[in-house]
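Can you read through this structure? Questions will come right after.
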């Protein structure tokens, strides 16, 4: 079974990190393929970045369909392009925010999201609403570290930890959701310090997609997620429409 | 890894059916143990039945903790006792309604629940609200077959199928959620006829709990799901308090 | 007219206190009977405690039906077993959280709940949602005094008063709801100090149930609250099913 | 104890009917005074009518304060002027829609409102939202009989009954809420035919206000319901501002 | 095209200020007429004031219909009488709270209302809910200056500015909505200091009503906003019913 | 003042139609420029189409900024790319669904959307939720005519009219919102037949944007809509990032 994990930005180092997280969730007989789109932004920190990432994501879904992928993970916490991806894909498609937030609401009653830049908090809250989790999400906090500095900056783990502690002590969080795929490698460290479950969306989404696909469950081919009507496209090609 | 799947009613034939469904989701290295409580109702078709099933469920959680279970599935669509079970359990605990409804909202945009008796629809709608899925659930339909007649009555599959078709054609459902653990063996048949994903909560919950447990994620030990304060109990013993 | 007021825990001293509160609301011609279940926890401070209290509550409802009770009050702020109790009862059944919160939303526009342990705040918020009062409830505060220490600890009134003042001054509460049946005797003291209405759920629920019953209104016998289907139960007997 | 029941329209025959309903709920020691305002519309069937009824209602509240009333019922299903009335009143103030809907959500899980004109259904739904009861209210139905024809038209009971039956059979209602004070005398007839609790807001509100007042509970004097600031008014005098 | 802008209070100086704000939004061919009702309160700072302002507002709508007005603005932040006014008016009717809040949700993602007295915040929040903007409104703040002191008190601009800064810095507001028609002249000053859009409802509502009327759009004459049924009124005459 | 109206699809005939609608709302001194993106789908009938339209829309916003546009209309009923566009634009940006739905909730109390294909109804409902209008939107209906057939098919007006009538008569709609920019020319015809306001989003959005821009109001430059961080983009260029 092939699970395709798509890094929506074009930074290869981050694809590598994402692939490693996804592999934690891949049992025997599951092949994880982490891919980088050919077009898009170097990181996603605005609605603009997110919009420009979607055509590249969809190209990777189209390529995955050609390769017989059994399911997909979209590894950016804004869950970009998920609806369009589900129209193209046969297997399940899951964004890491949806996976992490749903898992958090199974493991506790009050989760906090700790994310990168303050300006992305609105999108996180919008997803909380979309997934119906407003009564379970007690806060969305930002550590004000740009995505691509997460690995580079030595102070990053400390600042993330400080926000997690504030989420626990001031907001009453009983579970932490990491709000960026680039934070995945901090999971164990944070959980040990905090005494709380800390959820990385990449591995969680991979586990869920694998589990659904193994049961033969696929994206509905009827209604809103039916394959898109065939038509002409100008200037942007994602491979599906050909 | 041991996953304990608890049939909240005392009917052994149903435990056997539930165990078979759960095993569909158990990969290599996972042992599924389907158990029947020593006390409780023969089937669950009212709030009263549900209330009386909970002490038996909690005894099975306490026994599972003693046996080192890595996670639990509560295999009744009313998700009875889930909050209390999470207070007792180290690993993840998941009811089949929560698992099935969350999966349905990943695979489509408009799911219907098809359940047994009309009088249980209120509880199903209450769970839809609890899990924040009101905008994704388009209907809750009942086939008016008592739980223990699901296997016995030859007409049961036809009546369930009729409700599923009505959900698809009249309510616009693109995914079907089976509203009773006793319907699990109809999944393939229904899905083939309807051309829609049909979700059985038992196998789906087993897959999700296994996936979360494999990542080392557990129920939060802080806040609302912390272990209950120690105190005296009269007349009802579940094994935890000893 | 007989109103049965059920203390869901097994502590007799608390039943006595509850009975005194209920009697404040019983006019001429109304007999209040405060009862203690034969099984259950000594106090209710977790989902586990709440679950184990329900069979005892239901036994008291069944006994009340045999005795011709006109209505019931369930005197724990978690409103345990209310749905199941309504299936068994002919007259109205009311939990003290529902009664107090509905009264608070008549007397003001911004109520706070002041309860015992922090870990029970989640259940209180869940009830706020169930009763549709999220826009009227401005906070749920805990004084961190265990239920059975409320009477014993000399500092209890001061700590409760401090939380009430914070609710008024910091959260903008214009009405206080006492979040435990064991606080009822503090009503007058708190109200005088705060200059706010302070609501005890036991007396309020008793007044409401009495009022509804006097008008001949009863629990609906159709749909979700119809009497439970007859079936076999193992190991747990509440008297109804016999 | 004096309870003032205000008929918001100027039709004396309706005041008489309302007074009779209220008296059903008045136990020993309670005096019910049903009053007709000196200004306002002959009946309330639009937002315009409702707006013009409010000054007359407020004059009756001001007069009630002078007379030492312990509480108030506003006997129109649109609950006109309730917020302003609470600013003027010492005791509890309750509209009949709020009373009836809250009672309905105690007695069942799915109530229907059966009201007069179709054009008033929007206001009823708005009140359902204000009181947080959207998940309990399954429909708002109109029998298209003008308010003042309810008593005059021989066909009125049959048309009201027909809508109640449709609410029960088509919408799944388990409780009926009568959507006009002028329907109160039909309660017993309808309930016997339907096999459901049928709630008249006038008697229910009277019972609730009496119960709260007897416990010494009053409208909060702090925050939004504090007495209005003193100032000049031109052309409209309600007695309070003098 | 004639747009009638109604000051719901009887203070002429405020009508003048409102007229000046409205004229900012009136392009060529649009005549703005700011009017003061003959009856009502000197300012609106309670539910009581609001209730007493409505008959005067409706008289001005009726007079506007006689004069052929193309649309109406109700220039008080509580949007008093809007539903009744829409029943009387042919053209669009808009309150300044609705206009300002809808504009704020177009220009940003997180608006704060800064209003006069603390006791009016409840009404502002109620309107936020009515207009469906709860997820966009991050706070409602009061500067505790009475309406008629806004112009007189030299310290008023500073106190309003202080609340706006707190909204921006503590609540994360990206747009400010002024919560009183009497603050309109501060718009430019505040916006320059804060670096945020600051919205005055009077000019915004005038622009929206003018735009809708210019497209030939009118209030629906069917359903809830159809003209009120003809009937007798006692003691209060607004000109419509004659 | 220059208002840029962007047709998100690449079909020139539709741009012409959109430009004509927008000009209806442009008063003296306002120049409307209707533009067609250089890349994107021929029409928008799926999430996939919508995703592929966004880069083209953003290029037109970037070009508009260079040309000094005072505001923007995005003329597709899915409001594609609105958040990203607001990050790039100085003036107000408005999608036609948002404009039409907000106008509908001013003119009536119960609007219906009548759109093209059934599969797009989910997106319309999602926008209803985003704009907080769930209690005002009574239905979303589809006439099952593809976007590009709206002008070509002679039967199109009749099918659209049939759905509008059903919305009025079966769903109780008092206002109709046209769910596609390609229906704008039917407004007068439909309104005359139905006796209801019928709202075209293109002209309404143009009027609103013009009105806001004329008052000097702009998109907030702080928080979520601040200009995007500068970074590298691969393969997709919209002109902003250069």
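Note that the chains take the letters A, B, C, D, E and F in the order they are written out, and that residue 1 is the start of every chain.
In this text, contacts are C-beta pairs under 8 Å (C-beta built on N, C-alpha and C of every residue); 3 or more make two chains touch, one makes a residue touch a chain.
Everything numeric in this text was worked out from a predicted model, so none of it was measured.
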Minimum number of chain-to-chain touching steps separating subunit B from subunit D: 1
Touching both subunit B and subunit C (chains): A, D
Chain whose mean Cα position lies farthest from subunit A: D
Maximum centroid distance from subunit E, chain identifier (CA atoms): B
CA centroid of subunit A to CA centroid of subunit E, Å: 44
Centre distance in Å when subunit A and subunit D are each reduced to the mean of their C-alpha atoms: 52
Centre-of-Cα separation between subunit E and subunit D, whole angstrom: 30
Subunit F: positions in contact with at least two other chains: 109-110, 122, 135, 223-224
Chain contact topology (line, ring, star, complete or other): other
Chain pairs that touch, as defined at the top of this document: A-B, A-C, A-E, A-F, B-C, B-D, B-F, C-D, C-E, D-E, D-F, E-F
Of all residues in subunit A, those that touch subunit C in their complex: 109-110, 135
Of subunit E, residues touching subunit F in the complex: 24-25, 27-29, 92-94, 98, 102-103, 105-110, 131-136, 168, 172, 174-175, 195-197, 199, 203-204, 207-208, 210-212, 214-215, 217-225
Subunit F contact footprint on subunit D (complex, rising order): 122, 125, 129
Footprint of subunit F on subunit A - complex, ascending: 10, 38-43, 45-52, 54-56, 58, 81, 83-84, 86-88, 117-119, 121-123, 146, 223-224, 226, 228-229, 231-236, 238, 240
